[in-house]
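Each remark here refers to the structure printed beneath this line.
When the chains are written out, they are named A, B, C and D in that same order, and each has its own residue count from 1.
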Amino acid sequence: MAGEAGDQAQPAAGPVQETGEIFDVTRFGEYTQFTVVAPGVARAYQPGQFAAVAVGGVETSMLLRRSFALYGVKPGGEFAGTIQFVVAANGRGTEWLVQQKIGARLDLVGPLGVPFPLPRPGVPAVLVGGGYGSAPLIPLAEKLIAQGSEVEVIVGAATARRLFGDLQIKRLVGTVTVTTDDGSAGQRGWVTDPLPSAIERLGAEIVYACGPMGMLRAVGEVAQAHAIPAQVAVEESMACGIGVCMTCVLPVRGSDGVSRFVRSCVEGPIFDAGRIRWADVGKLPADLYGADGM
Amino acid sequence: MTMDMTTSLASVELANPVLTASGCAAAGRELSQFFDVADLGGVVTKSIMLKPRSGRPTPRMAETPSGMLNSIGLQGPGIDSFIANDLSWLRQAGARTVVSIAGHNTDEFVSLAKRLYHQPVDVLEVNISCPNVESRGQVFACDPIASARVISAVRRATNPNVPIFAKLSPDVTDITQIARAVADAGADGISLINTLLGLDIDLDTMRPTLGGTTGGLSGPAIRPVALRCVWQVHQAVPQLPLLGMGGIRTGQDALQFILAGASAVSVGTAVFHDPTAPIRIIAELEAELARRGFRSVAEAVGFAHLSAEEQAAFLASRSPVAGVAS
Amino acid sequence: MTMDMTTSLASVELANPVLTASGCAAAGRELSQFFDVADLGGVVTKSIMLKPRSGRPTPRMAETPSGMLNSIGLQGPGIDSFIANDLSWLRQAGARTVVSIAGHNTDEFVSLAKRLYHQPVDVLEVNISCPNVESRGQVFACDPIASARVISAVRRATNPNVPIFAKLSPDVTDITQIARAVADAGADGISLINTLLGLDIDLDTMRPTLGGTTGGLSGPAIRPVALRCVWQVHQAVPQLPLLGMGGIRTGQDALQFILAGASAVSVGTAVFHDPTAPIRIIAELEAELARRGFRSVAEAVGFAHLSAEEQAAFLASRSPVAGVAS
Amino acid sequence: MAGEAGDQAQPAAGPVQETGEIFDVTRFGEYTQFTVVAPGVARAYQPGQFAAVAVGGVETSMLLRRSFALYGVKPGGEFAGTIQFVVAANGRGTEWLVQQKIGARLDLVGPLGVPFPLPRPGVPAVLVGGGYGSAPLIPLAEKLIAQGSEVEVIVGAATARRLFGDLQIKRLVGTVTVTTDDGSAGQRGWVTDPLPSAIERLGAEIVYACGPMGMLRAVGEVAQAHAIPAQVAVEESMACGIGVCMTCVLPVRGSDGVSRFVRSCVEGPIFDAGRIRWADVGKLPADLYGADGM
């Protein structure tokens, strides 16, 4: 799906399973950022990909890995072979994760999923992040800037403590637009409020977004209204993360016009927002491929 | 002393007794990023139906204590696409292939068996743990008559060189009754167990978590139930080869199934936690067998059913000291 | 806003919906070292039989992933000693008392019911998940006819003011069929679920771990199966009060059962991990109900069966803002 | 059962459930000794009692507590409210436990079970410990010495690294006899080898023992041959530890001559060795009370 938008959209190499040592743990508001030594994951990584982390230790009752978008990946150089991800403690597994300390070991599988497809060099782009969703936009912005694109970034959250990456993005891009629902940081409102003017100001030809499903849908609509594509990183419940279980599907319209349930772990997590049938997420639309076989 | 890890599923010899489980390894391709699927005892493919299936709406899974619920609903491309893409990939990858088929009614099972007649299939696993539209949606495997009808029809329609394994549901009052029925109907072996029917309530929405309301419970949580089914069926029909599964995560778990009577095992949910689990389990199982004085997998199959005296006599003949003394 | 935590099991009102589970709290005395058993919704006593029972040989338990197997074999002092020692203690302790009875045949159940006729029993739980010697050891609860026979005989023999709850086994093809049978036979309610039949192999001895070979699986591992049974039975016989159990460890777990249709819950295996679990769960459940806008337990019973629209309408009427506005 | 031998045999107060912080962790050979701040457990403790420790953390798959005999309990004084126990890492739960560090919190229930019944003041006693089984003999020896008994202690193990408490006992009693199966410490052989002469030398009127079942049985036989009682601390698998589940039973002959399955968690773990039907452990003898009701 996403692959259609650019030729970098296939992962460079396959995922690996490896045990990585936690090199650093840093709190940002409500989030916890992990830096982990994981050269195998780092080697093949491209922006947009994620890792699946085992939680709970050896005798845990939690069988399923938790997925996190990667950023801050250093395949070489001083911190060679490190990856970063940021965790919001929501449930059982993430509660366990945020209690892990420097030196502890994490069992990782990654990099997983397809990367953000890149536009032709020089194409201006707006990047929109909600909550911790801004994390994977950081390496994307770097890459876009490196290939000569003009970039604007909008990050938003319910409240200041749930913003992530705004300072880092500001350093990188020179400027960042911040929105919060409660006005505790930046302008009060949603990321979609400043989005149209950013697109227009920049003459953006593509929008990238990562964040909650509702936000992705809204961003997709704004992009569509401007007749430009939005590439969005979705977050569906995933049992395996590697494409073998079929739990993570979304109803996605293909280039042949046919809608299918598509695995968001291997055919995503990056999708063209215009292809996702947002209103049918969690439903089984009658025209879906194979719905008549049920 | 080298360990003979070979085993067989009826007439088919496998290099080792560790396979994937249907629905937990797709058709092997994704796992081949992590290891060579030809090194497995075999790949059991996701149950395939005649026509393409969308599967059920999401959410399709819920994590539960030491287990998970799924309501995938047999999403799949249909048999034609499966043969063209998946089966040919597996053949080219050199994997032993157990093809799992599922149907809405007996005719569909028969059509599937016929389509696969000339295909590179080592074993056919007949997933009868699915609803029978001809019987108000009752699961075939919950009714000995419906189960037997499907199995005998498939047996007649399949290539006679390909053994067929009936895959049973644990959600029955007496699994040995179903086992006997399918054995009498011509099953060459039995796969045990499919998932248990379960439910989870989402405390945010205060409604069932799964799109399908109920779903199938798998993972280590169900291992004691699976072992009990293997134990009971091995006792009821001792000559019948069993493919055991349900919560296997380690070589020790696999050994429990073999001792209880399974000739080989499938690793399902554990793959989601650890994509390399099946390969790791082969090595672990080999070490566990050696530690206990076995020289082959075959010696261990059903060993837990022997009396303490029979066990002791066998193991005495196998201890290194006895070996030297004799 | 105070929460109305009362609930009822048929005609019997309980101060709150959290009870112990049969066999997991003896007759309450040991737990009273940790809290006042009168603060519970009730104490469900270990199934008592007519005569003293030694129970099965050890080992009687095996820990399994998020669960355990037990093969206690209903060790107990017999009904006379139970009445003289345990029941009198429970009465003096001021606990609501659910007495669980078990028999080898229908006559034994009837004798037990008669012995308890004039005793301080609030509810009688009829544990029919035990072998019927008259039917080659088949478990009563696996056969709708045997189940109905026991329940109607017990209903006639019991004090008419005492509701009787039939305790069902999940190891059946269709639990709603058994539920309907016992409801028609006069059960005032149903307890769901007893343990699942399981097995474990001891890798040291390479034989079944338990003295009884197979045993009953309990604990969080079985919660999805238990919730499914409660859901199905509530849907099949909506008017019948249900006492739900199986893997409850927290107030959230208890709430799942209530939303699925249970009027009250029993806490079993969790007590082994945490002797104060039942009392803690009362408080946790109260908080969980309040957080969701309920004002009573009764409002939440079966709530997960409502359509999303019905739920939304109810909760809108309950939001604090709506409360102020009205 | 055990209560018949002396009047201190009832616990002073009931058990409590409390969270204790690990104050110290020390390795001894293959064992790990924990010192835990648990004033509620410490308060009511008497020698012979044990605590049940939750293992694996919040989201563990291990539901059942692990039991450990207590010693080194300081109800008052400088280390007020601490308890000690020693752990042999055997299986899943103990493997987890020995990885816990100072400052970590453990969920404890205790003190559980009946204490060692004490003889009349001044009665000479031999104490026999196998492996970590010598741990609860330390406070017992202290108590016996305090009430004027002459005490000899024999400790044994398969090998030197599995001995426990020998030095502490030597400091306390002045002397200790050590046996190991492989002769790597003390005399080669079993604890029952030096036992008869110790009983005779001391004119002992009671033997106490804690260790593997086979050893307890053998010690009981030696004591019986000398026509003196042996009070032994057994180790049966326990699901609850508090008397509600009936998993931990042993076939024990009562003072009425009738044998019953008796809960070793609340009616033990201390039993008169002569009352335990050793040959029937793991069986269901036909003359057991209630066997005909099966």
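Heads up, the rule we're going with is that contacts are C-beta pairs under 8 Å (C-beta built on N, C-alpha and C of every residue); 3 or more make two chains touch, one makes a residue touch a chain.
Everything numeric here is computed off the predicted structure, so don't read it as measured data.
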item: Contact-richer chain pair (by C-beta pairs counted) among A-C and C-D; value: C-D
item: Whole-Å gap between the CA centroids of subunit A and subunit C; value: 46
item: Euclidean distance of C-alpha centroids - subunit A vs subunit D, Å; value: 56
item: Centre distance in Å when subunit C and subunit D are each reduced to the mean of their C-alpha atoms; value: 36
item: Cα-centroid distance, subunit B relative to subunit C, in whole angstrom; value: 34
item: Contacts with 2+ other chains: residues of subunit B; value: 65-67, 219-220
item: Overlap residues in subunit A, where contacts from two or more other chains coincide; value: 61-62
item: Graph class of chain-chain contacts, one of line, ring, star, complete, other; value: complete
item: Partner subunit A, residues of subunit D touching it in the complex; value: 56-62, 92-93, 95-96
item: Of subunit D, residues touching subunit C in the complex; value: 14-17, 54, 61-65, 107, 109, 236-237, 239-250, 260-261, 266, 281-284, 288-294
item: Subunit C partner contacts - residues on subunit A that touch it in the complex; value: 61
item: Parts of subunit B lying in touch with subunit A, wherever the complex brings them together; value: 23-26, 30-31, 33-34, 46, 49-61, 63, 65-68, 70, 72-73, 75-78, 211, 219-220, 269-276
item: Subunit A-touching residues of subunit C, taken from the complex the two chains share; value: 65-66, 220
